[in-house]
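Report on the following structure.
In this document, chain identifiers A, B, C, D and E correspond to the written order of the chains, with residue numbering beginning at 1 in each.
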Amino acid sequence: MKIGVFICHCGENIGRTVDCPRVSKAAEWFPGVVHSVDYKYMCSDPGQNMIKDAIREKGLDAIVVGSCSPHMHEKTFRKAALDAGINPFLCEMANLREHVSWVHDDIEEATQKAIDLTRMAVEKVKRNQPLATIKVPVTKRTLVIGGGIAGIQAALDVANAGYEVVLVEKEPSIGGHMSQLSETFPTLDCSQCILTPRMVEVYQHPKIKLMTYSEVEKVEGFIGNFHVTIRQKARHIDASKCTGCGLCITKCPIRKKAFNSFEEGMAYRPAVYVPFPQAVPNIPVIDETVCTYYKNGKCGVCVKVCGREAIMFDQQDKLVTEEIGAIIMATGYKLYDISKKPDDSFIKGYGEYGYGKYKDVIDGLQFERIASASGPTSGEFKRPSDGKEPKKVVFIQCVGSRDDSKGFSYCSKICCMYTAKHAMLYKHKVHDGEAYVFYMDIRSGGKMYEEFVRRAIEEDGVKYVRGRVSKVYEQNGKYIVKGEDTIAGMPVEIEADMVVLATAMIAQENASTLAQTVGIPYDKYGFFNEAHPKLRPIESTTGGIFLAGACQSPKDIPESVAMASAAAAKTMVLFGSDMLEREPVVARVNELLCGGCFYCRKVCPYSAIEVREIKDRNGVVIKEVAYVNDGLCQGCGTCTATCPSKSVELMGFTNEQIFAQIAAL
Amino acid sequence: MENNLKAGYFPGCSQTGTAREYDLSLRSVAEKLGTELTDVDDWNCCGATSAHVTNHTLANALAMRNIVQAEKQGLTEMVAPCAACYNRLIVSQHETQIHPELKKEIEAILDSKIENPVQVMNIVELFTKIGADKVKQAVVKDLKELNAACYYGCLLLRPSDITHFDDAEQPTSMEELIKLTGAKPVEWNFKVECCGAAHSIARKDIVVDLSKKILDDAVAHGANVMVVACPMCHTNLDMRQKAIKKEYPEHKEIPVLYLTELIGLALGMDEKELGINLHTVKFELKKETA
Amino acid sequence: MDELRNHVKEMLANGTVAAVIGYKEAGSPMRTKPVIITAPEEAILLVFNEYCLNNLAVYLTKARVKNLARVNGTIKKLGIVAKPCDVHAVIALIQESQLKREDVYIISFNCNGVVKDYGETLTGETIASKCLHCDARQPLYHDKVFGELKDLPASPDEELAKIKSFDDMTSQERFEYFKNEFDKCIKCYACRAACPMCYCTQCITDKTIPRWVESSAHGRGNFSWNLIRAFHLSARCVGCGECERACPMDIPLSLINRKMLEVAKNDFAYLSGRNLETPTLVGSFDVKDKEEFIL
Amino acid sequence: MTEEKWEPKVVAFVCNWCTYTGADLAGTSRLKYPANMKMIRVMCSGGIDPVFIIKAFERGADGVLISGCHPGDCHYNAGNFHARRRWTMFHQLLEYLGIDKNRLQFSWVSASEGKKFVDVVSKVVNDVRELGPFKGYKELNSEFTAVVNGLKQEVNKAEAVNG
Amino acid sequence: MTTHTSTHASTIADEIAEKTFQDVSLCYQCGKCSAGCPVRYYMDVAPNKIVRFIQLGFYEEALKSSTPWLCAGCQTCSTRCPQEFDLAKFMDAVRELALEKGVKVKEQDILKFHKAFLHQIENFGRAYEVGLVAEYKLKTMHLFDDVDSAPGMIMKGKLKLLPHVIKGRKAVKDIFIKTAEKKQTKK
């Protein structure tokens, strides 16, 4: 093997403390080195040409460049090697700048270390193997999980670009939390009015396959090549026959057995129902847990009234598999149920505010429903306990947010804004009413946000009190709210008619289970982790899986929508080529030697190790061995260190290469 | 009777004086329920509020001496019926467990090793340990005439991450217990509000105000008796009603019973046996006419 | 004993198992050796007593034994007579995908201890040291179990005391001690052959490209071999002690294996081969694992 | 080589994403540390085989440093968690067999901890310097050589005697 | 108000941290403690402000306030604090420091009560209520408060005329001496 060594001065950067000519002289004597030079700037065009010419003229098989960190210029020199006709993975670097000249002062010491590092690189490169980039085909279909505003936006963007989309939503209708909202900040436009057209667009889009009342059960494969299993839960309605006339819903005799979750428990729904009138698709669902038919086989009123024979009591869950190239996670959030503490600890959360005990102590989404024109009170302000108009309403912020003791350390980000909106909506409808907001800080960064909060205070006369409330208790039909104004330094007690708690936004139910199913990491709160907090906020660390909206952290509508469009753009980047190229730094198993203990499989962070059966001529399985899926392997090498019989190697970092480096010390 | 409970008993100073009836009723009820209480040998005052507000080392040392005494006696469980004593003991035990340097310091002062095997219980936990079934079986008198406001006060439940006992804001364990006697618990607001405790003597004015608020709320929610589990609460709520009456002549008096007294009544003991006659606000069950 | 023989006979006769690995008498009633029974009438040879020292689980991974289970293209069960401590090895092998639980038929005994060496009567003096800290005298997994528990002759756990005594030595003293022990090693690999957990197709020490362990029997090669052997068995070793019993040079391998058992127990509350449900220590992790030794 | 001239030889196995990059940062920040340590880059601390460490000692290293990303920061999510378990077992085994714990040290150094990298390297080099050359391991082989030489002499003598 | 500097500042915050095992910077001044404090109305300064004073180094303001002395130690604040800051324990430390630094305590009666109480324990091992009340009354000159209830209580056996002296009296006295010594050496 003919090896060339190229030592770079990096101007003065290396040359000042490392005697570069001496290093290149020393390298001449290393076994296998046939050419060794030093030059002012190896990364410059003349420098690169020097390398290319040497490769061609001297017939070099491999090169070592002694210059800066490989993180800086490995790509540059590998490209040069490729241009000159040798495999780019037969190029190694010795880091003489960051690890030598910049950190040592003594020229003698530095030069000696530079020689050692160069020798190690030479010994390594001798054992390098030519590697070919790995190519995998891409299925150009996107799976969007979650049909809230983020999922809707992402699905529409991808579909409008001409790619097929499968949109999976676990509820019977898409729309998410946004469909529950009354008006939205900071413009106070009606949430339903801007959302419903989008929902219909999704339904009618020829490129979108909408699967409501469905959940993702299994995800296999890797970027560009996912195989996804989806469970379509039984609606007990034949969707192909149902016209959405709603006769079954109006005739269903079960009226007061099940709470309406869309109305946040402030109303009832029948056993056969659509979550809300504008639901998409407008196909009802039969709730087995309350329907009389499932109790005793009787009733069947819906069957009688349905002119289309669409009721199917014996319908079963169905498993559907889809071939997918990219996945967008848009599973959203849920509100922290403050009647319970998140862990299984003995202490329950916020007993001091009496949520769950007093009917008129409600959370933010319940308030949205009361304020909504389509809500249980048709938009009139009536308190849940006695239907009277509340004349004094207290809003408490940061309930469960910024609370290490009973909730979560993070700020839920949207509560300052929606509380201002709530107070404003209330004041707009109840002119003689009083609204108090207890806050700790007002966080209103965003276009027109601070102006919005000021409007609530200046124009609508909402009173802001800086301090956390300690206790809410009931006395003669009023709720005594005990607080402290920390600015005045005075205790404050307010006799309120209704109390609204801005409870924390937390990760969706079972978010961590879904993350495990899909194979992406999540943080301690259950929010999905982005690949890099600043530079890769849309991607998960798993290739081909992107994040949109509040599943990543608390977000408001414009942020969720922006993120959804960004995720859609990311999938289109992926779909821009037919084949995916990957660095060939992946693990390889020697199947002859593999003993089949599968420790590699246990430690692999990417589930990239598969089981392969070795059969004899008669097709009888002799043994099972490990096999690396190139698409999934990210090249960490944890398997190689774990393997007891050393039957798995990481390409580019083989044990032989490392031993050679150690031996060259 | 089989499965009889054996537990150590840390009476606390009040039980030898102002709260004599608490001690009396606890001992009689325990005996009736077949529970064997062993007094901690030569116990000393837990230091109460006065110690920990002025010198934390002293406070921990005083409390831990009792734990060590119990330890030497081989006790594994110990009931401290006074909520304040309970709080001091369990907090000191916790502190020495999690702060090794503090433990060393206290060990040096006490000249004794701290092993901490003793589990300190409050009075409600004692009854839980005895068992609801056992209490229920022993009830001979239905106390349905009582609408009771259960008052936990501050120190029975706090700090909740150390006591690990019931919900710190909306507790229900005492209610569950008194339901066994037929008494009806009322839902009210100030189960865990503070009565002023240690300020009983030095700032009577504060205690009068705070106690009045608590008593009024109980009455407003339909209570005809209050149930407490702490001699300090009892002093403030019962004894101070005279002073409250002086300050607020319209004040409506309400009797205040120790939890043990109420259970004692249900077990068929009479007021005198339980020391209820020693209270400031008089209390007597209706005489049965049958 | 008759129970065992009758049971094995029946299992072989009705085809439940293809073969049974067990013990038979070897020249004296105070000595046994392994035997593989394939015909029902051979079951009469089987014995079980305090001289059943071998850990027969080692045979389960051998190709020749596995072949016995392959009858007409289907896989039948292999029977094994296993002391409760040997069952740990079977379990560990199942956890390491070397066997399937349904492919092995475990015949075990409530164990009353075994002797250190053949020909001795079982007393507190002669009992094998692993029996002194046994945590499972009743098999944790079995398909059939015989025998009744009796009191075990008691004796102090000298092995552990010896390990503890190393704490008081300086590193140099310890190094010196083990160097001298390892110097005796002749690289016969009897330890490896006797170990039920050493089932690799090719052992790391036999690999030549690159060479992992210096193969000459000099100090450095010996040290490396013994170090790597010990590490590869850390948290996998079930503590059967067969390696030490097999060692012709009397290197106290149990002192090392036991130490690593203690480490796994203390740091991770883990014992190898005890529970099919718990993930193996190697191959799993806890975010809260200790790390005070890391800067 | 005389005792005075001896300089400790330390090998570091570091992960590509955190510690190697942290060392790069130490460089770009122009921080100084002893030149005794040489680094071998692997992709993840999870890929560092304990045999590398043994090999390093065999090849004359006086000390070894292993370093990777902080728990939770692993570029590969979990590589360092597996590594941590492996190290917990391995360092206790080495210590038990008489290799001073300062000869093999572990650290978490993130890509932003250039300063910490310098502190760690300086500490390890100093610790190893205090322990002196790793004679124990180095002489494992020399004794063998001595025995062989001794045997040779015996043979020679015998041959000489036998003519 | 005079200008405040926080030069020797860190010492008191540090001492508090040492006594309570917690850092005052935990407090983000939400005021929930003050909001729920049962004795808030009697205090001259809100409890959260005492923490603020210490955070900013305004030690004098903190130590001379009546607030720590009026704190009943009910731990309502500690239980509800979103930052898990144990304010009750913090108040203990502030009082302790006020005594150590010789700050004039506003609530003299409360201090005298505590001193009288501890005096009883030091001497007898347990609280001796008659002695306590007598000593307290002599010290505060509130001679005729509560005299109405005392005879009744004696009759009921609630107030014993003679103290109970425990066997380990010396051990308890030792505790007092040792903890006092510790304070001395610290200074």
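Note that contacts are C-beta pairs under 8 Å (C-beta built on N, C-alpha and C of every residue); 3 or more make two chains touch, one makes a residue touch a chain.
This structure is a prediction, so every number in the text was calculated from the model and none was measured.
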Set of chains whose contacts include both subunit E and subunit B: A
Joint neighbours of subunit E and subunit C, given as chain labels: A
Centroid-based (C-alpha) most distant chain relative to subunit D: B
Chains most often in contact, by C-beta pairs: B-E
Core chain by centroid distance, with centroids computed from Cα atoms only: A
Chain centre separation in whole Å, for subunit D relative to subunit C (CA means): 33
Gap in Å, rounded to a whole number, between the CA centres of subunit D and subunit B: 63
Centre-of-Cα separation between subunit C and subunit A, whole angstrom: 46
CA centroid of subunit A to CA centroid of subunit D, Å: 40
Shared interface positions of subunit A, touching two or more other chains: 352, 603, 642, 646, 655, 659
Touching two or more other chains - residues of subunit E: 76
Per-residue overlap in subunit B, given as positions that touch at least 2 other chains: 160, 168-169
Chain pairs in mutual contact under the definition given at the outset: A-B, A-C, A-D, A-E, B-E, C-D
Contact footprint of subunit C on subunit A as seen in their complex: 592-599, 602-603, 618, 620, 624, 642, 644-647, 655-656, 659-660
List of subunit A residues in touch with subunit B within their complex: 346-348, 350-352, 354, 357, 473-475
Residues of subunit E touching subunit B in the complex: 19-21, 38-39, 42, 70-76, 78-79, 86, 91-93, 95-96, 99, 107, 109-110, 112-115, 117-118, 120-121, 125-127, 129, 133, 136, 140, 145-146, 148-149, 153, 156-160, 164, 166-168, 171-172, 174-176, 178-179, 182-183
Footprint of subunit A on subunit E - complex, ascending: 28-37, 40-41, 45-46, 48-49, 76, 80-84
Sites on subunit D touched by subunit A in the complex: 9, 11, 20-21, 23-24, 26-28, 30-33, 35, 38-44, 46-50, 52, 55-56, 59-61, 74-79, 82-83, 86, 118
